[in-house]
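Below: one structure, written as structure tokens.
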Amino acid sequence: MTRISAKYLAQRLVVSYLTILLIMTLLFALVRSMPGSFIDMMTSPDMTQAQVQRIRQEWGLNQPLWQQYIDFMINYQLGNFGWSPTRIAPIWQLIKQRLPRTVILFGGTYLAGIVIGPLVGMYLGWWRGSKKDQTIFTSGLLMYSIPSFWIAWLFIWAFNYELGWLPSGYMVTQFPEFAWTPISLSVDILRHLALPIISFSVIGWVGTMLVMRTTMNDVVDSDYVFLAEAKGVSERGVMIKHAARNALIPVATGALVGVVFILDGSVVLENVFNYPGMGNLIVTAVLNSDYPVTQAVFFVMAVLIVFMRLLTDVAYTYLDPRIKFGEEE
Amino acid sequence: MATEESEFTWFDAVKDRWSHRYERFQRGWGRFTNHRMGTVGLLILVFFSLWALFPEVFAPHSPQWKAYLGPTGEGRMTLEQVESLPHPPAFGDPFFAPLGTTDGGTGVMTLMVYGAKTALYIGFAAGALSSLVGVPLGLISGFYGDTWIDETIQRIADVVYSLPFLPLVIVLVAVRGITTTNIILAIVLRSWINNCIIIRGETLSLKEHAYVDSAKVAGASDTRIVFRHILPHVLPLSFVYLAQDAAFAILTQASLAYLGLADFTAYSWGLMLQNIQARGYIFDAFWWLIPPGLAITLVAAAFYFIGFSMEDVANPQRTQE
Amino acid sequence: MSLLEINDLSVRYRIQDGPDVRAVEDVNFTVEPGETFGLVGESGCGKTTLGKSLLALLDDNGYVESGEVWYDGVLPRWADANGEPKLEVIESDNYPVREDGMMDLTELDVSDMRQVRWREIALIPQGSMNALNPVYKVGDQIVEAIRIHEPGTSEKEAHNRARDLLERVGIERDRADDYAHEFSGGMKQRAVIALAMACDPAMVIADEPTTALDVIIQDRVLDAIKDMQDEFDAAMLIISHDISVMSETCDRLGVMYGGRLMETGTDEEIFLNPSNPYTLGLQNSFPTVQEEQDRLLSIPGTPPDLSQPADQCRFAPRCPFASGECFNDHPPLFSVEEGEYGRQWEADPEESHTSACYRVDEIEELRNKATQEQTWQQITETH
Amino acid sequence: MATDNGDPLIEVRGVSKYFDQTVGVTDRILRRDPQPVRAVENVSLTIDRGDIIGIAGESGCGKTTLGNMLVKLYPPTEGEIIFDGQRLSEMSRSDEREFRKRVQMIFQDPFESLNPRMTVLDSVAEPLKINDMGETYQQRRDRAIEVLNDVGLSPAEQFLDQYPGELSGGERQRVAIARALVVDPDFIVADEPVSMLDVSIRASVLNLMRDLQDEYDLTYLFVSHDLALIRYMTDETGIMYLGDIVEYGDTTQIVENPQHPYTEALFDAVPVVDPQHERRRANVAGEIPSPRNPPSGCKFHPRCPEVIPPDSWTGDQDAYRRFVMFQSGLEEREIGPGSLEGLEVDLESDEAVRMILERELALDVPQEHRLDDESPEAGVEVDRLSLPPEATETLRGAARDALQENYEAALDRFGEEYRSICASEHPGFRTAAGRQTACHLYDGQPDESLTTATSSADD
């Protein structure tokens, strides 16, 4: 596999960092553009003028705007996001606690998406235009159109309410009868994760399937697939080793769009299942107008996505040798 | 004599100019309809559009109708009448409610019919708006490639693709007020860049064609080249993405409604689901839970169906042979 | 005994709304071991379809409608120790094998055909510019071919053989570790030729091997093909529209038009005394660097629509010499030597110079008429 | 022949064109210095009215770029193009409109040169609409019918409403020619007009172009890689290699006795229909180098069979040719341990040096131009070549360095004393056998009028 040249990695890092700075500026402008709401939300009418002044001072709202901007940019990059008025806790603490949970849930659905999707997409692309291709593709689109929270309710109704196999919420059993051992804890968490991951995977897999199916359609007509067949390679060998391997390249870059789509899904699902993750945090924060928390969670999610994008770029070099990074021929 | 004869040529000229465009449309329509999926999608859309345009005709009652209290909805219900709500589908004995009622006594069928307008409105508006913004920008940045316009669009795309979409929409809607237009604007903020990038790619490849060079050699201005030679090829493709953005917008509106950010002033299926959840009847009133979810799925699927079968009609290579 | 014998082969394509397209119709020719046979024809004459049908590589809507393709060689499982077909295989008729040990390729199912592909007959495809898989090293793709058909060879040994093959076509040994996008057009073509020789096949089908190349690189690739042929003593079926390339590389040729064979014969016979109106027309319209030509003569009209071919000689609508009989049905291949057109080609296909034309006996006269411009001009009036 | 009324229709003076010099933002951040592709370099020629001028060369030699510049698709990076006494770069809007009517182009791919969504009538009438010639739709329609009949698509009415998808390749190319003729131009650039067509239809389109020349009083620039077509169609031809014109003159003379080694090789390589004719193959080694950094001096010198050895070279020319090829192989980093990949040999040993020299000094040329026992895989014995002793030492040392992959050391050994004039100095145009060629083999004084780019054009 080609190794990536340091030069290209440096370029990608620079661009990613630039993107994060731009997002922070956008965030800063967005929050500040709200007329007065930033303060009204945090000060109740019965507060004394001194208390209001203290809060303004603490959030540095009296300083000139550019000064606030510089402080904001520096603080955020150091990770101190300030203090949450509604949760009465340092925001960094909240995020440190909830980020891993969201990553587990999000990771599970993402994996399901990039395994099932391309697999089905490969077969549909290979059977091109046949009856099987039409029916599975149409039903795939139908599943893609189901609202995630609605299907989640139906699953809860079936598996929890009627059959009672799987828990319908939270991350661990609230009042366990059994002692907590590492195995029983992980088993319990897995059981709690099962329903959210299944209910979202029903929708998530279609995204990558669509990309894979279109690229497979083009690759199947290529000359190197024809030569592979002429070489006497078995049909499975041609489909997987020659066709799918090439069709995977755009799927890898397409997966990035999938990342954002699945992150949104987890925001909804965390609410349906009362799963104590970042999604849950941001929704409650917005509804209670707790802007510092919203701002912080939004920033951390953006960094997560930019990081995933970097991973995709690196994966790209291993998938497609034509990308000669850095060195000009 | 001359005028009569010249009139004939004028009519003949117009017929001659438009006849082949009509016949070409027929051929395109033929290709579109032989995709069963496309036709099914179209039928669903037509069905729900009728609901959206003439709700009074299709809804069994007016929205004010209440169970037991008749069309105006005044008066009070007896205790056990209130107990019986949300009432399962009834065909005449206490009242006529094909899909049963909500816990407040309103007919579910009526709410469904009046909810269609919001879904379609959001779908078409978001799709059209993101195309209106995305296509011209894509054309320009594609045609005048590798100049500063192109670089900026590339950077904007980097940023927009790295924004967590739903949190962004939630913040925007919460900040600027929960109205349908705000929801559409928030959705379009994200989806226009999709159109722009795709149209840009298509324009970059189309402008290499020899017939564009030939127009340049004949002295055609840039605008003429873009609108006469490139746009006709790119337009069908933008319809494909218009349909997909519409579906995405409807699903996003439903998620927002679920999260409590639905526009309470308008009837919408998302709002119905939000109500059922708020009042805790999810597992008790299936006739109230299933229809709205199903309707959202069908409309979104209809847009996707049309979008993907349009793709076959739209892209020139495939229809060449 | 010839290496390949094709009898009345017909291939058709199913199309949605309309009758099947008759791409190839009743084609007969043979290829001797170590011989280079050329299929010449313009686009749409069925030559590529015929090449693909030999290895059952037709597109999904293509099928062999009738005819046989006899190949001198048998599947390993039907042959005894030293490669001769087992006795009971020849006797019983549920094996597509003839007494002289030739096997009918059209009867083989896909898994059997897979053992013939590349081991017996290799193919240099039409688009060989991008026939190398972009994500695998060129060397690995040659190794893949070797190890499919010779599971015994070790990875290392196969790699070495791949490097030898590349070197023999003039490509540096270490280029085996490069990817296809790092090769120039000419080098990609030569790499595919090396790949074709990987399993030492008895025959190689080369479809338009040099069309997309510049003239100097084309010259080098033709030289490389000649070298490889002498070294591996492989028969070759070259398919091309460029009669100048074909006249230099082929021993015997078949001229195709509208899915049918119009003329077959040796290189001298076809180019020095062409005996079919279509071949005459083709040579008239072919510009040459050798000498000054004041006026190239083109064949008026357009190639036939192969979905409902009229019951007449395929070339009749464009032929200046077409008369009564030509409009009844397509003429069979008549032997040119015998002079009178009675004797139809059967027995010994190798030497005989054949042409599908009812007026083959007046060919002398037709030949000089064909050189004047007005012969081709007044066709538009007469039909 | 040319209706010569004094000054030529088109004059091209020292024109060059470099591509992708633009530096993107990210490039500037990473300070990637752009290596422009030098598509056309210092080309000069004149085209008289009524002539058909040919430009021949392999793909990537810049012939299409030159054609595009003559129709002002894009401006040259350096040099000047003068159309009928007027400089293309200094045209007012009205001059430009006038110019557009007098110059047209025919493209290579009949399937791409017509807009698939426009009918034949719309495509042919498009130049009229653009230059608003012909007021009403009816007049434009009649003009289109007239031109379509001229190009042999008669009855024209039947074709008007058809889409390109419904026409054959030949018919489409005729529509493209009609579109070029509709504004009654004076000059047409035909870029490979028939190379995508079937042989039997090709001749009719070529004949059509010749007949139209008299009827419409046209001047053609005929660009092609097919030398047989060049011979059939053109009066004078320029042979291009990697952006330079290496030979220019009367077509028949160039074909019958080419002066420049590249032209000679080009015509040797063309296959011939006559079976009895034993054709001599092209004696050129290697492949076309990348136009980003072409070889120094004469760009053909690394591949040229007749590269001129310096006086200090005591061996024969064939040995010198291999010497130069070995040196350029080192520059391209193609020679190294890789050449012995998979052969069990210790890279430090003399055995390895001998093997690498045998392989890399062998000529990758057709059989007939190699020494009798020389073959691509075995190579050639070093002592069979008449190399001067010091040169053999340099080669051995360089091969040893190359095996250790320190290419700088290897290249330093090739000091100045064995540097050929071909490598050090770019040959300007000079007259040889009655026409211009750019090759040091001929010592005629360089032709003043054509080479200097900035000759004072008395406009």
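In this document, chain identifiers A, B, C and D correspond to the written order of the chains, with residue numbering beginning at 1 in each.
FYI, contacts are C-beta pairs under 8 Å (C-beta built on N, C-alpha and C of every residue); 3 or more make two chains touch, one makes a residue touch a chain.
Treat the numbers as computed from the prediction; the structure is a model and nothing was measured.
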So which chains count as neighbours of both chain B and chain C? A, D
If you tally C-beta contacts across A-B and across B-D, the winner is A-B
Report the inter-centroid distance (CA atoms only) between chain A and chain B in whole Å. 25
Cα-centroid distance, chain A relative to chain D, in whole angstrom: 53
Rounded to the nearest whole Å, what is the centre-to-centre distance of chain C and chain D, using the mean of the C-alpha atoms as each centre? 33
For chain A, give me the residues that contact two or more of the other chains. 15
Interfacial residue positions of chain C with respect to chain D in the complex: 42-43, 159-160, 163-164, 167-170, 172-177, 184, 186-187, 214-220, 222-223, 226-227, 241-245, 247-248, 267-268, 271-272, 281-290, 292-293, 295-300, 302-303
Listed in rising order, chain B residues that touch chain A in their complex are 36-37, 155, 158-159, 161-168, 170-172, 174-175, 247, 251, 254-255, 258-260, 270, 273, 277, 282-283, 289, 293, 296-301, 304-305, 308
Please output the residues of chain D touching chain C within their complex, sorted ascending. 58-59, 168, 170, 198-204, 206-207, 225-229, 231-232, 252, 255, 265-277, 279, 281-282, 284, 287-288, 334, 336-343, 364-367, 376-377
Contact footprint of chain B on chain A as seen in their complex: 15, 18-20, 22-23, 26, 30, 33-34, 37, 134, 137-138, 141-142, 144-151, 153-154, 157, 161, 256-257, 260-261, 263-264, 267-268, 271-272, 282-283, 286-287, 289, 294, 297-298, 301-302, 305-306, 309
Of chain B, residues touching chain D in the complex: 9, 13, 16-17, 19-20, 24, 146, 151, 209-211, 213-220, 224, 228-229, 232-233, 316, 320
